[in-house]
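Read from first to last, the chains carry the letters A, B, C and D; within each, the first residue is number 1.
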Amino acid sequence: MKQPTAILLIHCPDQPGIIAVVTDFINVNGGNIIYLDQHVDKDQKVFFMRVEWELDSFVIPPNKIEEYFNTLYASKYNMYFRLYFSDYKPRMAIFVSKMSHCIYDLLARYITGEWHVEVPFIISNHPDLENVGTRFGIPYHVFAVTKDNKAEQEAAELALLEKNKIDFIVLARYMQVVTEDIINKYPHKIINIHHSFLPAFVGAKPYHAAFERGVKLIGATSHYVTTELDAGPIIEQEIVRVSHKDSIDALVHKGRDLEKIVLSRAVEKHIQRKVLTYKNKTVVFN
Amino acid sequence: MKQPTAILLIHCPDQPGIIAVVTDFINVNGGNIIYLDQHVDKDQKVFFMRVEWELDSFVIPPNKIEEYFNTLYASKYNMYFRLYFSDYKPRMAIFVSKMSHCIYDLLARYITGEWHVEVPFIISNHPDLENVGTRFGIPYHVFAVTKDNKAEQEAAELALLEKNKIDFIVLARYMQVVTEDIINKYPHKIINIHHSFLPAFVGAKPYHAAFERGVKLIGATSHYVTTELDAGPIIEQEIVRVSHKDSIDALVHKGRDLEKIVLSRAVEKHIQRKVLTYKNKTVVFN
Amino acid sequence: MKQPTAILLIHCPDQPGIIAVVTDFINVNGGNIIYLDQHVDKDQKVFFMRVEWELDSFVIPPNKIEEYFNTLYASKYNMYFRLYFSDYKPRMAIFVSKMSHCIYDLLARYITGEWHVEVPFIISNHPDLENVGTRFGIPYHVFAVTKDNKAEQEAAELALLEKNKIDFIVLARYMQVVTEDIINKYPHKIINIHHSFLPAFVGAKPYHAAFERGVKLIGATSHYVTTELDAGPIIEQEIVRVSHKDSIDALVHKGRDLEKIVLSRAVEKHIQRKVLTYKNKTVVFN
Amino acid sequence: MKQPTAILLIHCPDQPGIIAVVTDFINVNGGNIIYLDQHVDKDQKVFFMRVEWELDSFVIPPNKIEEYFNTLYASKYNMYFRLYFSDYKPRMAIFVSKMSHCIYDLLARYITGEWHVEVPFIISNHPDLENVGTRFGIPYHVFAVTKDNKAEQEAAELALLEKNKIDFIVLARYMQVVTEDIINKYPHKIINIHHSFLPAFVGAKPYHAAFERGVKLIGATSHYVTTELDAGPIIEQEIVRVSHKDSIDALVHKGRDLEKIVLSRAVEKHIQRKVLTYKNKTVVFN
């Protein structure tokens, strides 16, 4: 089995020597760095870094690293940082509606152990895909939302998420606007797939709009959900060529493969702690 | 040398047997079909076709084909059609401002005979690229436009275009809105390159907007110019991947290669008479 | 429900008027053409065509169409043709070994009715993926092949295929060479996915070879299986960018998404009767 | 004007702390780092790094940096390194034969100052493209090679290269094998464009071979020339989709745009000192 590692994600005002300081902290204390990538946004003068190191000979105990790092460096350099450990499996809830192509792709990866993640349950606003949950042995909870019960249902959803210690949420073609309450509890922890190359075709029926406009490419975009519709930080995008020969149905059909791949790429990067957000944009490390 | 051919572009309400009727017209009269492609828009119930045939044994003289076809078929089937002859070289005017990557790409193709086209002159609102014209031996006319002289300058431009029997215009990063007078004289005969994947980032400074939005792809779009800005029929689009590492300058730099290739592909399709427009969209034959 | 249709795939020596003849045959006899695409290979002087029409008002009964078409046209024009009916569901067998990404993708499409196909069973040379069959309720037959039992096992496989009237076979990362007996019974009816852009990296361990060579793109190729290894007609190919940062494991990982999409695209085209083979190449209609 | 910078390219056996050591060397001596990227090849246990810093406050004089760095670090860490200065313009010779699409693309970039490079002359084995040189005001030297004069001509070429202090050579569709003498004088300093996705279709007529094989993608590869044909370290590759509709001529035509873009990307990376070679592979920094 692989050694447990610590992963540190940092951003802070850029200044000389930060890499040296951080790598020195790890090296001097017996950590073996197995990943290091960094980025400087020259316009914003912000420094971004992801570093991962093996813990077995590291002299600071895991539960003290955050405190030590904070005391010794973070406050000094005005750092925003997050610390993760590879031996913790993040807990992911999947939200679906009636289309199954994305959830099948997610679950096939999950069930074969491709991802280091736990999926305790699926939430839906429709009963249609319960059989998908059954097929993979994952509980499927239906929260049918009407005008009258919206507040209660969302409260119930949130309770379920919190009770199960869900770390992040994947909207796998979930065709309902997520309430602000949930968004605020999961800031930059809800990943959506939108079926267009944003910012083109925000909102409903993007394939219809793409057909109408006569574009020669269609796209899909995975992004973190914020309270503004389809406007959160973009994690990944991809396109496929289309032509005058493609009807709306053909666009929808071609788009399905895009959507599932683009969503899964984003989920994977999130699970691997390779996404940093800053000013409504993402740094996605390789 | 290649045989002269006739090229017929058609669209009409869809009904059975149109291909048979048109190909029969050509075959029976001794034309050898060397290209045939067709498309049916099922939603609009419109039929589109491009057919090209060799003229050497065709019994109808070239200058009579239009009349015969119109009389015998076009009115009967309610066809919109255009007839072209391969032995005519279309005359193309290039408009530029200060950036030269697109015009170099166009002129390199022109000067080596890659395209069956004539370029009588270049028009610009700035003197900067006169040396490009000189390099390739092509007259370069500057029409510097100010608030006061706009109407006159545009009239002078139009006069130059008409005097030189220009068939179509290519805006090779021409950074000024073309007057409606010119657009109306050249309906779906002005090809522009916009430096984004439309309909995202319409208008000025799309790379800045793309950077701001944090997209993971940038694009370029070639389209026919209509009186609504960046809203005409799209001919071709392409994208390239970008990441958080790319500054605005890097986007501009990466975008240049996209722009020139996407513009040249559209110009080529136009020269080959492979683009049909219908309801603000294009059918681009292979 | 959709109307039943007939699909005709043709290739023959090119000559003028074949489209007219075939469409006339359909129109005159009351068939409504809903798809027509054609291609001429100018080098080989071969004509290819796919035409599909609705049968409900067609005067020739389905079981007589083949005979009539053969008598009236096929022999006259020296045509090779195949006739299919949309109300027949082709029967597809899936072969797997130990990797599940392709079969999950195929079965998710199958089970949700995305494809008009029947999957009676899965065949494997290993028991590992039996649970995938169970999950989707599809029988899973293991034929473990050793040096001693190879001939018997293959005979048993072939018997199973024939007893179940299998129309075509999909090798979903089946890591064993298929015997010539089976290949000969299913000419251009066995679809394989090879994990490289053929003809580069034929044979075993293409990702290792790609890493070794330092390529900047990796690919996947779906093709019909012939008796020469990885040399059959190519149906579809796709690539993804890689860099010096990608280890062999990373190539394998990135390649999985390619493989499943490229295989599924080929299977879909095959199910839709849109692939014609000629001289070890394919014509893949849109 | 931009500040002059120093660029250091390094590879060495991997060990902890190298980044810290190198960045410390620069920071402590007053250099402002404006670029840093690194890569570890885990298989080979090799560390690669590119670092660039502003020289204006750097206390070590430019002409002493190499010596100091070598003494203090390179021998200690067993480093292979190269040092470049941004105020030196590398000198590039272009070799062409009869096709002009690549050289036009290179020269348009050169002449507009897109690249920090000097092009003292063009060498060709044919007189055909002399007018391209004339157009851009660049001397064009013809070395027509026959069986009898091969040795002399190559010696003359080499003399011309050395007399003009050429730093690197670009083969812009130069259709003749470069002699080993020149290759050995310019190790990993000759950039070629091969019109296929290597290692597929090595050698002559790759588009013919691609057509014959029926591939669905064609590619182009830029690589450093070594004495083994088409087998040197790959710098960049790209592909474009093709179909059964594309004749050999169409492949050649589509390929031209690929070739010029792929070659120019490689040349740019080389000029920017962003390519490191190791064991017949490249590390291409972003």
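What we mean here is this: a contact is a pair of C-beta atoms (placed from the backbone, for glycine too) under 8 Å apart; a residue touches a chain by one contact, two chains touch by 3 or more.
Since this is a predicted model, take the numbers as computed values, not measurements.
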item	value
Farthest-lying chain, centroid of Cα atoms versus that of chain B	A
Fitting chain B to chain C on CA atoms, where both chains share a sequence, rotation angle to nearest 5 degrees	180
Rounded Å distance between chain A and chain D, as computed from the means of their C-alpha atoms	38
Separation of chain A from chain C, taking each centre as the mean of its C-alpha atoms, in whole Å	36
Contacts with 2+ other chains: residues of chain B	243, 245
Touch list for chain D against partner chain C, complex	39, 41-43, 48, 197-201, 213-217, 219, 233-239, 243-245, 247-248, 280-284
For the chain A and chain D complex, residues of the former touching the latter	16-17, 19-20, 23-24, 27, 32-33, 36, 38, 241
Chain B partner contacts - residues on chain D that touch it in the complex	100-101, 104-105, 108, 112, 114, 135-136, 243, 245, 257, 261, 264, 286
